[in-house]
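Every chain is named by a letter (A, B and C) in the order it is written, and numbering of its residues begins at 1.
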């Protein structure tokens, strides 16, 4: 009986990690569908209430600012013209109630002559486990334009 | 003993969902390799016998029509020139013996001056659990060209 | 008790496969961040000591040659200009202590007029379970330029 309990405990812990990874993948993969369909509140709820979205263009603090970006004229013009915010396979590291996910993002846009690759960026998601499930506390996105900060961000994929 | 059984049951259910998600990801990630290598029967078997593949260009009903598309001259020309049908990370929702997976697809083509992004689309896979495993009952693909139906499709990612 | 043990065994085996798939996905998704941040040793350690990276351009044998490619002038120029080596969702088949993962890779580069799709390729990872975890024994990458070997590689996604 003691052996069974020990094995159950080990399995339960392994299962918890796999569940966490699945939930984090689901969270990150919801970003594109949320913003490309203009669901600003759904997109903002990927973050914690005071979560931060730190991009080359600006730093958005809290859900209201993130929702405001989705509702803004730049983003609405992108949607009207045809846009896909594609987040790639996340490299996930879980450490208790915190996690880091590193992935690439690409924004494809419908242009005059067809589809084009508008932006390619490195992403670091710092996530926390909340009562509502995993949420982003801080997401940093940096264009892969040769600048040092994007390379440094990618280089930290193995760190918590 | 009752407690152990209860924990076993909970773990077994969680494990079932994770297995389902893994099988659905495997199914969807087999589409590109199947069609880009011209294996029409393998590609068609991703769907149920009477499964539907609903695209901007046409609606294919049943495995024979889907296999016919892969064997057709347009697709064969794509393969001969160099093509990649890349399906992105699926956002999966499982509801018993049914599931919905939402993801982006991109078709890259080798052109005169190098590789180009030929198509970028939103995908909704409506899947069913069969005796052979998960299969697509209905897949809808819509180009992200600014039209309303692609946005609506993406906006339903959180619905069963 | 016998029934509980049997169910535990079944669950334990299922869990092992899911853990393996998660570890293989993590390994493959670390390739981009490792090479795009110039961490040559980290990238090389994705392979076994005598692992092979077989590309259109050359065949690299062993970790030293793979690290040398990352440290080489061509790759360093790519990093300096802005580059993303994006590996897609892997289709994974596990067979005991061996596994095969098939996926697409794309290299996006920052050019004069913005980002461009530089390379699109088919990848077959032949992996082995080692004491350090899963490692690549042989990775084959072939450009999807219409040549037969890329199509053949993709066509083998369902084989061990």
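Keep in mind that, in the parts below, a contact is a pair of C-beta atoms (placed from the backbone, for glycine too) under 8 Å apart; a residue touches a chain by one contact, two chains touch by 3 or more.
Since we're looking at a predicted model, the values are computed, not measured.
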Same or different residue numbers at the subunit A/subunit C copy interface, by half rule: different
Turning angle required so that subunit B lies on subunit C, C-alpha fit (0 to 180°, nearest 5): 120
For subunit A paired with subunit C, centre-to-centre distance based on mean C-alpha positions, whole Å: 22
Junction residues of subunit C - those touching two or more other chains: 4, 8, 11, 15, 18, 88-90, 116-117
Of all residues in subunit A, those that touch subunit B in their complex: 4-5, 8, 11-12, 15, 18-19, 22, 25-26, 28-30, 32-34, 36-39, 42, 79-84, 86-90, 108, 110, 114-117
Residue ranges of subunit B touching subunit A (in the complex, touch as defined): 4, 7-8, 11, 14-15, 18, 21, 88-92, 102-104, 106, 116-120, 122, 143-147, 150-152, 154-155, 157-158
